[in-house]
Amino acid sequence: MSWFVINLLNGVSYGMVLFLIASGMSIVLGAMGITNLAHGAFYMVGAFVGWTVAVKLGATLGLGILAGGLAAGLVGLAMERGLLRHLYKQPNEQVLLTFGFVYILSNVCLWVWGGWPRMPFTAKFLTGSFEIMGRAYPKARIAIILFGLILGVGLWWLQDRTRMGAIVRAGMDDKETTMGLGINLELAFAVIFFISSFIAGAAGVIGAQLLGVRTDLGMEVLLLALIVIIVGGVGSIQGALLGGILIGVIDAFGKALFPQMAMFTMYLTMIIVLIVRPTGLLGRKI
Amino acid sequence: MKLNQTKGSEKSTWASTDSSTILKLADIHTYYGESYVLHGVSMAVSEGSIVALLGRNGMGKTTSIRSIIGFTPPRAGVVWFKGKDITNLKPYRIAKMGVGLIPQGRKILPSLSVKENLTMAARRRGKAIEWTLDRVYSQFPILEKRAYLKGDLLSGGEQQMLAVGRALMTNPDLLLMDEPSEGLAPKIVRDIGTIIGQLKEQGLSILLVEQNLPLALGVSDHVFIISKGTIVYESSPDELEKNEAIKVKYLCAT
Amino acid sequence: MVVANRRTDKNSIMTTVPYLAGALILAIIPLFLSRYGQGLMTRFLIFALFAMSYNVVFGYAGLLSLGHAAFFGAGGYAVALLKLHYNVDLFWITAPFGLLLATFVAALFGIVALRVTGIYFLLVTFALGQMLYSLAWNVKWLSSKGMQGITGINLPDLGIPGFSLDTTSFYYMVLICFIISCILLYRLVRSPFGLALVGIREDESRMEAVGYNVWLYKYTALVISGAFAGIAGVLFAYYNFFVSPNHLGIATSFLPMVMAIMGGLGTFLGPVIGAAVFIFVETFASIFLPQRWPLILGGLFVLTIMFAREGIGVYLWKIWEKVSHRYGIVEG
Amino acid sequence: GTAHAAKTIKIGSILNLTGPIAFIGPLFKNGIVMALEEVNYTVGGRKIELIPEDAAADMNVALEKAKKLVERDEVNIILGPLMGDAHMAIAPYLANKKVLTASFYCGDIELTKYKNWFIYPTTLVGLTAPVGYYAAELGHKTMITAGTDYAGGHGFIKGIKMAFEEKGGKIVQEVWWPVGNKDFGPYLTSLKKADTIGYFVEGPSAAQLFLSQYRDFGIKIPLLGTTLAADMPQQITSQLGDWVLGLKGQALYMADMDTAINKTWVKKMTKRFGQAPGGLEANSYAITKTILAALKATGGDDSFDKLWPALLKVKIDTPQGPLAVSPEGVALVNNYIVELKKKGDQYYWDPIKTYKAVEDPRLKK
Amino acid sequence: MESLRVEGLSKQFGGVQAVNRVTFSVEVGDRVAIIGPNGAGKTTLLNLINGQLAATSGSIHFFGKDVTALPTYKRAHLGQARAFQIISLFQKLTVMDNVLLTLHGTRSSRFKMFRPIEGFTDVHNKAVQTLRTLGLWEKRNEPVSTLAYGEQRRLEIDLGLALEPKLLLLDEPSAGLTKEEGLEIIGVIKGLESSNTVLIVDHDMELVFEVAQRIIVLHYGEIIADGTPDEIESDKRVREIYMGLD
């Protein structure tokens, strides 16, 4: 029993990080139709900046998360305003551009921070462990779960209770008409993209506990995000959450039960979902 | 309301200083890139009235609407709305000032549900009676039934109702309607006429672009005819009704 | 996106000159290059072929795939496995086998992936490719002893007594494969089938209505494209002397995509130009700036998008059109 | 150009300057540069030119660069690459071209069959064997092995296991995680009971994650392994934190080793590069020194047929300790068991036991 | 001879019964108009006949053959052609390519690979001829998007005709056209051979009464009237529901 609970917690905490990684990418993909391959690179930028603030400068983790999110958000904003803005509805060009940014940002981080990996970090009061059913369980992981839930609720609110999502999709359909209905689209695009990048950056700091801080995170995180989006479906927060947790839990139990097949279980889940529901568990039908 | 007829491309002087004028186009010239489409259009809509803009295909009706809402700002001339120069404002600013748009071809946003199409642009402007989702639904009950359907799955007529509802949700003071009867069954065309009348009663000013002459003449207070980018005629609807020569010459009506 | 803006009755000199000139350059230049230079050219040809094969599904049929490396890798692994387990070197066995394996993988992928469209197609092909990648990591039979991947491949045996390939002759062998593939692909995209792919890219439901079995076209395109990617993979295994799981995974899938977009999607020669730019910039940037080459490469992508949006190939083509008009090669 | 080429000896080096372990390349390069500067880039009257290349931690790129070095630059000596997969990828090609190749950090025993590899400091199994011996000496009876599931990982774990079993120990559980694994939670929560864990993690980043998660999950079984961290720069060690104090494992080099040669070397390195050197620089320095010694013996002849026999006879002293070369081309050097300690706010690895010239048990026979 | 027979055909979208147990049959050479209020299910009915949508229940026979389960492209091979309510030409492709694609669609040459499309001389000649009669020959190398709206409509309809279909489905062919252009379309339809069957949906009563010998009226997916133009014009329900008269 305790084995089960512990592994469940493992899975959910890892899943929350996956959710954080994928949600921003999924929003931008669903709402703006942008395949942002640089999303993982934003995560990396956030992780490094967060490390600088929280570890190097010794500020609190909260400030680190904020700084990481802001840094990634600003990089994202600059990319969107400066370049992507001219490429709406041109998926091929978007793919090449954002892929270029993976190279550029990775190399810039290498330049600025050097190539050595940073120790996983978290807040002082989150180091160490709780006692759960007679076993030690890391506090930081519980914090990740809580944080993921809070952010998830926030995003869900943003998606369903504000018109933001609908406005951005409207803008993708027909920019002119949407503006003619009194909507400042440019602003809406910028805000959505900023939020998406901000989450990526903040996730980089929160996820540092599990994924570390390195200059090759860009690609790796991108892969994880794609996997979660495939399982959960494009465009919805619920999908990213479900996909993230499902992958996390399957990964945890897979590792615990069939350790030799570790890498496999994740891909297998993905393939099975694809065969049963090609558009992901909660994806919009197409 | 003064009713005087202007000849040729002479500029309209109607209501030029009237404080009850909600919209005024003063000699606007609009281009699409190199092509010169509006050669000095002047007209006005006074508060609470319905003005019809008539003309044959390709004469510049839609372009006039686009010039007002800011999609293709005129290169010369001024557009006044509620006494403010809106000539070079961004479309969303103009819309926010109280201009509602029902574009030609409806322009329903296909990836939004009917409900989202309505709520997306909803805006409250502190009027006594405001348009809300419920009110739009009670005006067009079919929209409520289709609330969660994607916009582009509606039939043509349903889309037109949606476009009207969507514009109303922004609670405009002035409604720009570009050929609302296009593609509609004869009965619905009549219904649209009724709705326009109701909107007027509720105090809206309307600029109605139409090819359907009976509809336009039935609802409007004043009529302009545009030909090759200039206003060539204006009068009351009754007067136009009687003027067969003008109708044949500019409206291809028999 | 580039339009396949074909002019059916255009002056043929203008269109053939660049092709002939290109072929001539490819045939002669290696004679003036070091073995390293020849190797680089070989690499370029292989990736150009890979990118062209990708262009069939992406550029022409409009299917954005992120799993194309699976076909490329399958071709390579076929060669490597024949060598590893059966010690077969003979090109006339390995090449058809690689081609078949790649085609088979593409046929399987197509069944799963073509149930969806758009962004989901990208996601599904990515998933399938990664699946093969993880197989290659985990299945011992797919690796040489002591590593992931298969090593120990030599230049192919052509079965001609008394003749064995060296760097130079291998280059020419690759060039011949490349030119044959080019001719086939050229005829393919100019055929009714090829035009139908473009039609499908533009509007599937209209294509259905005028009588095309859209699914079958897409499927066939994917399989054919997989076959050509497989040939590229076979040649690559010989060029590279070993294959690794990476050749099946996403890192490799990105390559033809980037090359095709950079050169000009949906144009015949675009991917070749893209491959040339990519390979040579990558190589020389990493020689001169070993720590900063990713920056240069990434910057190049961005610049291409901002200043030659339709692709560098299309950009060059337009210049060529201007020049050829000015000098009366073609009467305007 | 051939006349000129005959004058300079070109040494190629395949480093990881970009990619996931990008910080490693420059450090290896520093060690090489120091060794070459000491001889003023000349040996036997010939100038030496160093040609560094980036392999981006990708074995395909490594092969690409190896080809470039051989075919374009016509080098006869290549230093690196680091990773085992890259070794395997380039080995047949370089053996065929008769290029003397040195591994930066161990190598699979398979490489010895090519007879052109200088494997430094020893084979995979040879490197970790002391961990197994030491575990037995501590009186441990049972052990869990835990390592990364790829060729190199299997080699390192095998070293621990072979040595521990040779001394009568028993392996009660073998845990493997995939390359690139980040979340060790599921593995850490499924450990059985044992006296010790013999572990190997594939790089500093994974090692950091492993150690911090080991702590967070409150695992009490003591760790013994390759403290890659000990060979890593201060930047890695200094991040570890107090809770890692007392961690024991195998290491090849400690910055504060109390030998005269090391002290002067550290001083020189610090002065030249502005930071204290670690195990990586020590490795590449020792390798370059060995090659230089062989070149000196041949009088500056860098042809493989002369160089290889000369290499096998080299005996020198390096900051890591005395060095000799086995007939298979495997270096014979000291291997240390170290413990992490703290002095002031400086962490350091204290050598608590030395194993001299440990060899791969399979080569001894 | 019977060209098309539709029996008990229904289409349900979630809760919407767009087409409801529709039964009718059409003889070869008939010109039939389908009218009805917006949302009555006219477009949906054409989609069902043409196979773009799968029927929920009921059957469709085309020249005696049950085509209910056939995909669209097979129906095209049997001789159905369609012009859409919203223009569906390939906007980015040239006029020539549009013509070629359409002409190859129902020929076995459509699946030919490795042979240049120009090599199929019969199709090519036919394309040239089509373009010349349409007066679009000069614009053959321009993308369709540069054509005027009226020209595009004409092209779409004429491409339908160029396939020499046994059944031609036209959805609002006059929408967005000027009066004169609309008259031109009427002329084209009237000039068709008697072997062509035409089903036409339009709101332009003038056009409908001009070309149709028979009118089917749909309302909420059901047929409420079916008869000659005169009968329909005087039908009380139709006048009320559709025309909104008395």
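Order as written gives the chain letters A, B, C, D and E; numbering starts at 1 within each chain.
Please note the rule applied: contacts are C-beta pairs under 8 Å (C-beta built on N, C-alpha and C of every residue); 3 or more make two chains touch, one makes a residue touch a chain.
Just so you know, these numbers come straight off a predicted model, no measurement behind them.
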- [ ] Compute the shortest path length in steps from chain D to chain E over the network of touching chains.
- [x] 2
Open item on the list: Applying the touch definition from the top, give me the chains sitting in contact with each of chain C and chain E.
Closed with: none
- [ ] Determine which of the two chain pairs, A-C or A-B, is joined by the larger number of C-beta pairs in contact.
- [x] A-C
- [ ] Report the inter-chain centroid distance for chain B and chain E in whole angstrom, where each centroid is the mean of the CA atoms.
- [x] 33
- [ ] Round to the nearest whole Å and give the separation of the Cα centres of chain A and chain D.
- [x] 36
- [ ] Round to the nearest whole Å and give the separation of the Cα centres of chain B and chain C.
- [x] 54
Task: Length of the line joining the C-alpha centres of chain C and chain D, rounded to whole Å - done: 38
- [ ] Name the residues of chain B that each touch 2 or more other chains.
- [x] none
- [ ] Scan chain E for residues touching two or more other chains and write them down.
- [x] none
TODO: List, in ascending order, every residue of chain C touching at least 2 other chains.
DONE: 1, 137, 291, 294
Task: In contact (per the touch rule at the top): chain pairs - done: A-B, A-C, A-D, B-E, C-D, C-E
Open item on the list: Can you tell me which positions in chain A touch chain C when the two form their complex?
Closed with: 29, 33, 35, 83, 86-87, 90-93, 95-97, 99-104, 106-108, 110-111, 219, 223, 226-227, 229-230, 234, 260-261, 263-264, 267-268, 270-271, 274-275, 278-280, 283, 286
Task: Of chain C, residues touching chain A in the complex - done: 1, 58, 64, 112, 115-120, 122-124, 126-128, 130-131, 134, 137-138, 250-251, 254, 257-258, 261-262, 265, 291-292, 294-295, 297-302, 304-306, 309
Task: Touching residues (chain side chain A, partner chain D) in the complex - done: 3, 6-7, 10-11, 13-14, 106-107, 110, 114-120, 127-129, 135-141, 209-212, 214-216, 220, 251-256, 259-260, 262-263
TODO: Name, in rising order, each residue of chain C that touches chain E in their complex.
DONE: 1, 3-8, 184, 187-188, 190-196, 198-199, 202-203, 205-214, 224
Open item on the list: Under the definition above, what is the set of chain A residues touching chain B in their complex?
Closed with: 163, 166-167, 169-170, 172-174, 176-185
